[in-house]
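Structures are listed in the sections that come next.
Shared between the two complexes below is chain A, which has chain B as its partner in the first and chain C in the second.
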Partner chain A sequence: MAVEGAVASRSGLRSALPLLAPAYLWLTVAIFLPLSAMVFFSFMTDLPLAGKPWAFTLGNYAAFFSQSLYLTLLLASLRLGLEVTLWCVVIGYPAAYVLAKVLKGRSREAIFLLVILPFWSNGLVRIFSWAMVLREGGILDTAANAVLPFKINIDLMYSYPAVIIGLVHSYVPYMVLTCYLTLQAIDDSLIEAGRSLGASRLQVLRRVIIPLSLPGLVAGAALIFVPVVGSFMEPRILGGRTGTFYGTVIEDQFVAVFNWPLGAALSFILLAVVLVILAIASPVLKRAA
Partner chain B sequence: MAGVKVSNVSRSFGAHKALDDVSIDFADGGFYALLGPSGSGKTTLLRQIAGFDFPDSGRIAIGGESVERVPVEKRRIGMVFQNYALFPNMSVADNVAFGLSVRGESKAVIATEVQRALDLVQLGKLGARRPHQLSGGQRQRVALARAIVTKPRVLLLDEPLGALDKALRVDMQIELKRIQREIGITTIFVTHDQEEALTMSDRIGILRDGRLVQEGPPEEIYDRPKSEFAATFLGDANIFRGDATGNGIRLPDGTAIAADVGDRLAAGAKASCAVRPERIRIATNAEAADGQANMLKGQVSKRIFAGNNSTYFVERGGQTLKVIVQNTGADRLAEGQEVVLRWSPQSTVLIAAS
Partner chain C sequence: MRMPRLTVLLTATAVFTTALTLAASAAEVHVLNWKGYGADEPWAVEAFEKATGNKVVNDFFNSEQEMLTKIRTNPGLYDVVMINAAFNDQAMAEKLIQPIDTSKLPNYVDISKDKAGSPMLDHDGKVYGVPWVWGLTALAINDKSFDKPPTSIAEMWNPAHKGRVIIRDDAVEAVQFGAIATGQNINDIKDMNAVKAKLTSLMPQIKTFWSSENDWNQMVASNQIDIGTYWSGSADRAKTHFKLPVSLVIPQEGAVAWLDAFSIPVGSKNVAGAEAFINYMIDPKFYVEWVTKVGAPVSANTKAVEALPQDAFNRKVMGDPAVAKRIQFQAPITDAQREAYLALWQQLKVDVK
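Take a look at the complex of A and B:
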């Protein structure tokens, strides 16, 4: 039985090869080659441009460990990733639940469109619109003062909350979409069965719906956490001076300092850390699922 | 355990009247089938009793306690769903334990009760399995065990055997009936399968377009249907339409049909007669005249042989009549043959035209 299965899957793989080939070819060209170049750079003393002399070195990696700043920034970025992911769960999961289980027909399509909309707008435009909303005398400040009887001063611009708001806005659609897909696959009769057995709505949520939608939560969390840890655009524009994170330092190496080897080395350290975190988390999450 | 009393319940979805003034008394400990075609409101009625949906008007009482505004989780009912609705993230034992566990029973009590329920449905050894490792019939049993382990006041079944193949369905019918008798729980069973309703239930309620058409023991509904719909939906029936004569009807061509069963109708009113196909005797010649019997002449147009019986389709005055004849070894009739049909007035039900 098992042997037959293996044979079947091997012949299945052979017939699937023409279908897989374009994707793998593309991945090889678009990701593997540039990444290999970056690995190469990360071990160089300087870029081999304009005939400058260069040599192999481990110094770029050593820099990470010799200066506590990098570790501090990495931890700050990991915390940022965790916080943004948590907010995305808090905001995205209920939205996905309502989309999948409460709304039907036209209203579902309309709300879905609103969720997807951030995807279709340019990232920079999105961030600068937040800048207009969050700054002192901006839209939020003006609106709050127009409604409230007392004078308050809202200036969230160039602060940690502003970075969180911008990032959550950019990434919450991932959480909504992955959770929507798993929630939608849960048969409504399971919810009814739970309630017919005397479980309150909250008990059904905790014991049936959340466990069954955990794969979506995990997928969404991974899709959000990884890019947020390396993010630089939102921290730089919305965070100002407070917006120095690991991602902005890497960006600096590439666009300001022109120390590509150090930037590349810092990137790979981040990649390694993220992979280790995902590896540690995956058995725990798998058991829960 | 408790009886269920549904009084004047109506429920509309937009302009569609899913339930229209339905009243039924489900006796304590009885096995009740709600029978009807799809869209007749039988599932809607079951959902009102369960508490998934609330009626627009009318009352529902379980064990004398008014529950029409009580949510499902507080009604202490057990429900078996058409697709079983087992929790795929839990083992069989955890599925069965769910109701006890949300109620906060101790681990020891849960373990004992779950084992007893699984033993009752003859799945005592499969507690550790996952639902996807079970066959359809086994899943059905787990769903039943899960529904009864909490000792609900009433057991509700929504087409529970619909997804099973025929042989398994017959086994499960017997099994379900055995378990119901053993624990003596009031059971309400929704089905569109008339045979299932006939063989399993103590009483049947036939629904059509949101209204209760007829209600009573299976024998009574079968022998004394009160409408053409009840006559043709539960079992097969030949329907004759004409004018009431006082002791039967007169067909448009002048033939009189005597009926001893059913309502007495004033002469001249529009009326129908229903005759079950197995009550009609078919012969090739006019035998010794039987003054009492109804008699019609016709021609066999088709015969369907089904082993233990044959169904003859007999053309008579533009109407096709069905006659079922047991296979007793007598000569079979050929298609095209002229025949005489006879049946007694005691087998003829008079029905007021609707």
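Take a look at the complex of A and C:
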């Protein structure tokens, strides 16, 4: 039986090869090659363009440790990533639950569409529309003052909360989608069994639903945390003078001073830190699941 | 030894693919410039295309560094590039731009002598940049916030404007602005600590950093700022073209002056078209129309400035000898200085978080 199984899986791999080849070829050309070029650049003193002399160096990585600036910003970015992920869980998980277990048919489709909608619009358009909403005298300010009997002043633009709002809006669909998939897969009879055996709603949630949907939560959190830590567009536009983060400093190295080696080195330090965090987190989360 | 060959291979592949995609564009003039800065005005492009039969393809940059990166990484793509004179040296040293045969530009003789003879643009008797326009990085104010325009740069530090001040997100501009505020020569900053202290005390005043004209104009349109650093041509454009309540202020402490020039990149496939385009850009007819319709900095062509009305801002104020005495022209900056300025600027931005 075991031998038969192995043969079957090997022939399965062979027949799968034509299906896998395009994806792997694409990944090799489009991701692996440029990324390895960047690794290479990060060890160079200068780019080999226009016949400039260059040599190998560890200086770009040393620069990270020689100035407190980069570490401060990296910590600020990690905190930003955690906060945005947390808000995405708080907002996205209940929505996913309602979509998976409460709504059926047409209404589910309609709500689903609303969740996906931000994905279909351009990222910059989303950010600039937030700018119109959040600024003093903007849509939120005007609307709140039109409804409320007393005068309040809402000017969230160019602040840390504005960055959080913009990022949560961009990334919450990931959380809804991943949680929806795992929540939908939970057999309703498990929940009914728990209830009929005397568990309260809260107990069912804590002992049945959350543990079973944990893989979706973890996947969503990873999908959100990683890009948010490196984000630069939202902080730059919505953050104003508080919008300097690790990602914006990397962008500066590429765009403002043409120091690709340092920019690449800073990116790979970020990658390493994120990988370490995920590696530490994964056994803990696996045990919990 | 294998690794360098890999990069060469990668670069070669990139260059080759770029060359392939662009091989069929002989009668096109590819222009690289700031967005909304004269060369991409639809009426100007149309007039030029009609007169010469060349098709203009515009591309844009958001910083001088991005401009250099674009011509470095796309050799042969661009025919005309607009380079701030302070960067001309670097572009020439990197062999990114080629000498220009000024005899092919009939309007070149009318360029003012001090601009045409600028050592920043001429190297070894060869012309690497044709002076186009010059202007100031000075202050601009939101007219709604002032009864009468301020005269001193110190207005930026006035507590009355806390949270309503804007400054460009550019290390060199910020440091040179700090030098003027502390009474120093922008091209030879002796006391960097004074600049840092001055800028540190400015940071809490700032609402946000701007990077394009559009940012600035939107902030004024929604009445979110009182005062900020701005370019003279942009302030003129905001007033003339966008009808915004914006006025330029040239503070008594002085202002940073810059000279923008056109160059032809090495490997241009349409040098004749590039020469025709540059000649059109320094033509008085184009300039007057640009100023009237849109708003512009001061032309380097003396005949073009003389073609403006007597009381035009670009003729009366910018041509005023008293103003000429206060302004300091930007000289080239070394890479080491630029990196030091960026380090200072990033530190300031982190400290304010």
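The rule is simple: the second predicted complex is superposed on the first by the 279 of 289 C-alpha atoms of A that agree within 3 Å, B and C clash if a C-alpha of one lies under 4 Å from a C-alpha of the other, contacts with A are read in each partner's own complex, and residues count from 1 in each chain.
Here is the rule we use: a contact is a pair of C-beta atoms (placed from the backbone, for glycine too) under 8 Å apart; a residue touches a chain by one contact, two chains touch by 3 or more.
It should be emphasised that the depicted structure is a prediction, and the values quoted were computed from it without experimental measurement.
Trainee: Should the superposition on chain A be reported as showing a clash between chain B and chain C, or a fit?
Mentor: fit
Trainee: Scan A:135 for contacts with chain B and chain C and give back first, second, both or neither.
Mentor: second
Trainee: After superposition on the shared chain, which partner residues are touched by A:73: those of chain B (first), chain C (second), both, or neither?
Mentor: Only chain C; A:73 stays clear of chain B.
Trainee: Considering only the touch criterion stated at the top, classify A:48 as touching first (chain B), second (chain C), both, or neither.
Mentor: second
Trainee: Using the superposition on chain A described above, determine whether A:255 touches chain B (first), chain C (second), both, or neither.
Mentor: In the superposition, A:255 touches chain C alone.
Trainee: Go through the superposed model and pick first if A:280 touches only chain B, second if only chain C, both, or neither.
Mentor: So A:280 meets neither chain B nor chain C here.
Trainee: Could you say whether A:190 touches chain B, chain C, both of them, or neither, answering first, second, both or neither?
Mentor: first
Trainee: Write the angle, vertex at the C-alpha centre of chain A, between the C-alpha centres of chain B and chain C, to the nearest 10 degrees.
Mentor: Rounded to the nearest ten degrees, it is 150.
Trainee: Counting residues of chain A touched by each partner, does chain B or chain C come out ahead?
Mentor: C
Trainee: For A:242, select first, second, both or neither according to whether it touches chain B, chain C, the two together, or no partner.
Mentor: Second partner only, chain C.
Trainee: Tell me, in angstrom, the smallest C-alpha to C-alpha distance between chain B and chain C in the overlaid model?
Mentor: Nearest C-alpha pair, chain B versus chain C: 45 Å apart.
Trainee: Both chain B and chain C touch chain A; at which residues?
Mentor: None.
Trainee: Please give the residue numbers of chain B that touch chain A in the complex, ascending.
Mentor: Checking each residue of chain B against chain A gives 50, 52, 71-74, 76-79, 81-83, 85-89, 98-99, 102-103, 146-147, 150, 156.
Trainee: List the residues on chain C that touch chain A in their complex, please.
Mentor: Result: residues 3-4, 6-8, 10-11, 62-63, 65-66, 68-69, 72-73, 94-96, 170-171, 203, 206-209, 222-224, 338-339, 342-343, 346-347, 349-350, 352-353 of chain C touch chain A.
Trainee: Mind pulling up the chain A residues that touch chain B in the complex?
Mentor: Chain A residues touching chain B: 187, 189-190, 192-200, 203, 207-208, 211-212.
Trainee: Which stretch or stretches of chain A touch chain C in the complex?
Mentor: The contact residues of chain A facing chain C are 33, 37, 40, 48-52, 67, 69, 72-73, 76, 135-138, 157-158, 240-244, 249, 252, 255-259.
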